[in-house]
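The two complexes that follow have chain A in common; it is paired with chain B in the first and with chain C in the second.
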Partner chain A sequence: MCVLLVLITVTNTYSQEQKLGEYDVKAAFIYNFLKFVEWPDKASADTTVNLCVLGNDPFGSAIDSVQGQIVNNKRIVIKRHNDTHALGKCQVLFISRSEKEQLSQILATLTGMNILTVSDTRGFAEQGVIINFYLEENKVRFEVNLDAINRSRLKISSRLLSLAKIVHDSGR
Partner chain B sequence: MKKACFTLLVSLLLTVCLAGVSEPGEDLQQDLKDLSIEELMKIEVATVYGASRYEQKVTEAPSSVSIVTADEIKKYGYRTLSDILRSLRSFHVTYDRNYAYLGVRGFGRTGDYNSRFLVLIDGHRINDNVYDSVSIETGFILDVDLIDRIEVIRGPSSSLYGSNAFFGIINIITKRGRDLAGVEVSGEAGSFDTYKGRLSFGNKFENGIEMTLSGSLLDSKGQDLFFEGFDNPATNNGIAQGCDYDRNYSLFSKLSYHDFTFEGAYVSRTKGIPTASFDTDFNDPRNHTVDALGYVDLKYEHDFQTQAHVMGHIFYDAYGYKGDYIYSGVVNKDFAKGEWWGGEVMLNKTLFERHKFTAGGEYQVNSKQNQKNYNEDPFEMLLDDKRRSKRWALYIQDEFTIFKNLIFNAGVRHDHYDKFGGTTNPRLALIYNPFETTAFKLLYGSAFRIPNVYELYYTVSPQKGNSDLKPEEIKSYELVYEQYFSKTLRMTFSGFYDKITNLIDSTIDPSDNFLVFKNVEEIEAKGLEVELEGSWDSGLKGRISYAFQDVKNSKTDETPVNSPKHLAKFNLIVPIIQEKVFTGMEVRYTSKRKTLAGKEVEDFFITNVTVFAQKLLKGLEISGSVYNLFDKKYRDPGSGEHRQDSIEQDGRNFRFKLTYKF
Partner chain C sequence: MIKRLFTDLSIKKKLILISLFTTGAVLFLTEVALIVKEIIDFRHSVVNNLTAQAKIVGMNSTAALLFNDQKDAGETLSAFKTTPNIMRAILFTEDGKEFSKYKRYDTKTEFTPLLPQKDEYSFGIDHLSVFHRIILDNKPIGTLFIQSDLEELYRRITWHVGFAVAIMVVSLFCAFLLLSKLQKVITKPILELVQVMGIVSKNKNYSLRTPVHSHDEMGSLANGFNEMLSQIQNRDTKLKQYSEHLKDLVTERTAELQKELTERKRVEEALRVEKNFIDSTINSLSGIFYMFDVNGRFLKWNRNLEVITGYSTEEISRMHPLDFFDEEEKKLVGKAIQEVFVEGEASVEANLISKDGRKIPYFFTGKLFISGYQKYLVGMGIDVSELKQAEEEIRKLNVELEKRVLQRTAQLEAANKELESFSYSVSHDLRAPLRAIDGFSRILFEDYVEKFDDEGKRLVNIIRGNTKKMSNLIDDLLALSRIGRKDIDHTDIDMERLAGLVFDEIKATIPERKLQLNVKPLPSASGDAGTIRQVFVNLLTNAIKFTRLRETPIIEVGGYIEDSENVYYVKDNGVGFDMQYADKLFGTFQRLHSDKEFEGTGIGLALVQRVINRHGGRIWAEGKVNEGATFYFTLPKVGVGFLSKL
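Right after this comes the complex of A and B.
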């Protein structure tokens, strides 16, 4: 009874106030990441950066706000994919939660492609996604898998790493 | 209890208001793209439930789990592992001023040296091979400052871990070198002339090597204690002077490079015995014990691209115990020496997408399990028992995701002992998540503990060994309901039923009045637990729990000794100055417990308060703690070796701590 009473009070106090959408903020993060990641030489001649979303798109219009923006003299182009066939052109690939079951195959396909993989699903970083968002006390945080960076041949600024929770491939 | 409930309610309400005040009411409608990553990290978002909730992992765990982090250890002013564990739902700790004994769910076997809990440090088992003991007070092998987090798993887990995983597992993960990232010096001073120091170094270097090195020293003079039973002029009017001293030193090292991790640790603790246990001379400061434990462990872990994970480790451990017991001025020396080595291999692999297999094997050689006892002068050898043994085990577990919201977890382990033959133990769990925020877990498991060489072969008056002992067994059923409310609150409801057969317990043989371990009767336990946990942005964090536990000897229908019916815990961290100053407060309630003499020790509330400050000066952390704030007089039941039926515990005491990092 006592616990119940406490619960009711607590939940009432915490009724939703106006807050920014989780995915608006995540899109802004991805936009920011572009400033801190360097792709190997062959990709640098392109005039666009392809930001791809694989699987069920959780961003909706949130990600469209970065479409056409210029970062490091390159224009951002948003592409949505439902399979792994044409991912070679992506510089950044957001892998949706919906791809959980196929993640290992997806990552295997991406081997050697120099793609910055991003996700927001528990365990994805440990399985080999480079940057994985998580929430801590309702704030967006991200973890970075150092082993995955080493495999990707991307250069990630230490400033970005200093803000990240560092993880490694693991299993247990 | 009603009054307590009211107090808790008020404090919770208060905290909610505080949290509300400290929340930034900013109107963040500016263009997010112009913000830096640091700024983005400060924004609070409206979450999609469970989208990326790491904490929710607990809902998929096939047991009832509590986690304590380094942050909480600092803010609650925890000094020892026993401080940490006694703050957790359904746990209670009994201290006889020599060793501390852990109890859970109504089982509190004083004198069992914690042999019914398996304690792992970074996956390395630290229970010794003579008593199966683990020191959880100042004799614990790790300075609590080096702990990154502790996972406490309730219920039997022999299906993965074998012997000792009887009532639960305490899995300790140490900090990594990079968590220290430099040199840390820590000093503390406390009541009863207690001083402690620690020097640590840790880092991760460019070449991939990561290391931690740490050493700690503790010296406590202790108290002059009064014991009623000895209140006559021949025994210093019941006052034990200078007999409560406690000294230890410990070393820890960890070195990792790529897939390899080497770990080494050592502790030695010397404790005076003020209680004159085992009928020794009262008020003789020479009565004392020394326990030392050391291990080296080399681990290899590798991940394959094919979602497979391999872990293998080899280890060598040594344990030594030395006790001086004074009988009418004659020094009696009691010794134990254990050495063991072995290895373990484990493989995890995801198969057919829906199955996560774990399989492994373990092999251990107990190359020394020796016990010795003699009187010094005149010399008389009373016991010289040398043993060795071997064990091996194979285990397999599968986590089968039947549907996205239904997981079936099944494991079985076979252990083989050269003295006791084989035992097979299953564990089954069905985990159902009807909603992202709700989990139901139905759990069944069994576990065993083989009698240790102390119980089997230690024969020195007034105690004798019993080589006919059989392993004790437990079967446990549990139903857990976990619910997330809003983003910040979690509630856990749990009901359990345990049945223990062949419980090994110290008894008095009526024929000669010797203490002897026997497989006594059957014990049945049932109980209910409820816990509410919350954590808010401002740094506000807390939990409140209540446990009802009804433990009965099935034959006599009596409640065993040291089995509290009710336990309640309240823990709260309140930020005073955002990110800088915090108060950590805890209140523990333990209901009355039966003693060996059939009496009762009273119930009690204990309150501890810590003020913790960080970032006031670069690299500096300061904390001040008051334990047993209201100076409550309370007692723990004694065990068979004590003339005291119950033993008084510490009154109000203080600690001041400074940690500097550079």
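Right after this comes the complex of A and C.
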């Protein structure tokens, strides 16, 4: 928690952000997303929130600081996956850049599951990932695919949306 | 000032003023309460309103804060443009840094508030500040500060006050109109009463009455006033009568007072004269005068005390009476002073010590003087130095005199003795030749009588007669001298009996004489019985002798008690004597009659005088030629022993 607060604090200055590292900020943002996203009722009984990383982990130790934090009375658990077999238990799934080739296949697997998908690779949002990070003037920003949200049946707060760049599926 | 103005107002105006003031005060307080309540309510609503806005904006700012989106936050805050009373709004991150802010177009000054840890608000003079903590998922993530102006509040207050003033003015005006009419109910009877009172007090006409309109307090007042008027009317009449009487009384009393005053002045004058008299008397005393109290404090004294002692008035007023005496005499004088205060009177002789140390002998007297509850000693002192001197001289003289008397007595005694022994020896020595003459002349007469012729016989008889006479003379002289030498042996003597006995004895020797003796009661005496007997012998013999020529000689012996002595007398109706020669009767050999007329030696009365003198008595005689003589002698009363030394 303390680390997170520190993280939020330091994001205010560029120089410190540089030092802190891009993935520290992204890990903190993922943690914050949890506060603006509502999962359907069936998932609310769980006492944990599973935060899964698929593919090559770009966070390193940055994501570990989120492990064990409480959000909406649920404890965050970090899980790393290399395939799509056990993704059903994830509430949040970060899809690494390494999965670029299998992205459409992965997304297809996830259809019907109430998973908030996050990535940081250009074009992923247009392909169906709900939230995708990008850099603008060296600041971490994010875009949201409204179509993907509708498909996932998650509710995302308008306050979060008001900060995001809105995109749609490219194919339609 | 206001109070005086109010008291000078008429009752009508007072009533109106009081009512208006009361109404005004009630209205004012009510309106003030309403306005205060309005302000409090409005303040509450302003705070609630602003807090609500802060909550909404705070919620809308959460994402911007979390995702560090200042642009988005700025847009959120700019929503305040629609509420023109918001002066400024500032969004702070949780670590107190300014994240985004909004300022109204006319807000110029920069402002950095101190952030609190919880929601709160505060009122300034012209603004209201609200702090709202932004909390997400139970975690505080920032603070929103909103400042609003209070123009709305002030506008409302102004409006309320204006409205209140308007209501008040209208209300008071209505009240005034009503009161102007209604006050008459109360003021009318009062004004009537006042009018009647004015007339009464001006004209002193107590027959007037005020009309009674109602049965309330005003009615009672009017009734009471009317009753009072009738009482005054009554009293006025009585008072006039009294005042006439009073005038007389005052005149009388004034005269009395005048008299008293005159009397008092007279008494005061008399007192003053008396005091002057006393002071003059005190000062004119030749001695010293003093008066002091029990504590020895001098209250009064005369100038002599100052002159004699040399102390000043001031000094004496601080002195104690005993300060005037030396140590030895202080006790004595102190005792005398104490005696005065206890017994009432005392005197003492002591030396007065003057300031320069002189000792003056004084005789002091003291008498207790009580004035009120105070005891004083009043007294005088007399200088006795001259008296003392005189006394001393007298004493000296007395001693001298006594010495001289003793000397003289001794001389006299010696001379007397000498004389007596001389006369005794002469008488004694004369006896022998006289006896010879007597004896031989008797032989001559008896044995040679036939040898003498008649002439011879006559001459011898003459010798014989003269010899007898000379023998008597010598006997008398010897008796006289014996008296002088003999001591007096005192015994009680019944004088009456003694006189009778002596008379009878003498009478027996001359039975041819016809004699009458009257013995009156005689006081008994104390003395030498033998010599006193001789006194009676001589005096009675004398009396018989000088009554020889009388047809009926009467001799009286009497006596009486006078003062300290007994007086006895022997009285006869004989030839008497000329008082011119009374002092010569008792001299030795002194005779008033020739031997031819009445025989005698001229020693008898001298002897009597000597006896009486030796008994301490006196002897004298009274008589007239041919009218008898009375011989008086005295003896000291029985019991009063007296032995003359002379």
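Just so we're on the same page, the second predicted complex is superposed on the first by the 152 of 172 C-alpha atoms of A that agree within 3 Å, B and C clash if a C-alpha of one lies under 4 Å from a C-alpha of the other, contacts with A are read in each partner's own complex, and residues count from 1 in each chain.
Here is the rule we use: a residue touches a chain if its C-beta (ideal position, glycine included) is under 8 Å from a C-beta of that chain, and two chains touch if they have at least 3 such contacts.
Since the model is a prediction, treat every value here as computed from it, not as a measurement.
Trainee: For A:133, decide between first (touching chain B), second (touching chain C), both and neither.
Mentor: first
Trainee: Using the superposition on chain A described above, determine whether A:58 touches chain B (first), chain C (second), both, or neither.
Mentor: Only chain B; A:58 stays clear of chain C.
Trainee: Between chain B and chain C, which one contacts more residues of chain A in the superposed model?
Mentor: Ranking chain B and chain C by residues of chain A touched puts B first.
Trainee: For A:104, select first, second, both or neither according to whether it touches chain B, chain C, the two together, or no partner.
Mentor: first
Trainee: Does the superposition put A:66 against chain B (first), chain C (second), both, or neither?
Mentor: First partner only, chain B.
Trainee: Determine, under the contact definition given at the top, whether A:24 touches first (chain B), second (chain C), both, or neither.
Mentor: first
Trainee: Tell me which partner A:77 touches in the superposition: chain B (first), chain C (second), both or neither.
Mentor: After superposing on A, A:77 lies clear of both chain B and chain C.
Trainee: For A:160, is the partner it touches chain B (first), chain C (second), both, or none of the two (neither)?
Mentor: both
Trainee: What is the contact status of A:32 with respect to chain B (first) and chain C (second): first, second, both, or neither?
Mentor: both
Trainee: From the superposed pair, tell me which chain A residues show up as contacts to chain B and also as contacts to chain C.
Mentor: 5, 9, 11, 29, 32, 36, 139, 160, 163
Trainee: Which residues, counting only chain A, touch chain B once they are in their complex?
Mentor: Interface residues on chain A, with respect to chain B: 2-3, 5-7, 9-11, 13-14, 16, 19-22, 24-25, 27-29, 31-33, 36, 58, 65-66, 69, 97, 101, 104, 107-108, 120-122, 127-128, 132-135, 137-141, 147, 160, 163, 166, 169-172.
Trainee: Sort out for me which residues of chain A touch chain C in the complex.
Mentor: 5, 8-9, 11-12, 29, 32, 35-36, 71-72, 139, 142, 157, 159-160, 162-163
Trainee: In the complex, go through chain B and note every residue touching chain A.
Mentor: That would be residues 5-6, 8-9, 12-13, 16-17, 20, 28, 32-33, 35-38, 40-48, 51-54, 56-57, 178, 301, 303, 305-309, 311, 346, 348, 350, 353, 485-489, 491, 530, 532, 534-537, 544, 546 of chain B.
Trainee: Per the contact definition, I'd like the list of chain C residues that touch chain A in the complex.
Mentor: 59-60, 62-64, 66-69, 72, 93-95, 97, 136-137, 141
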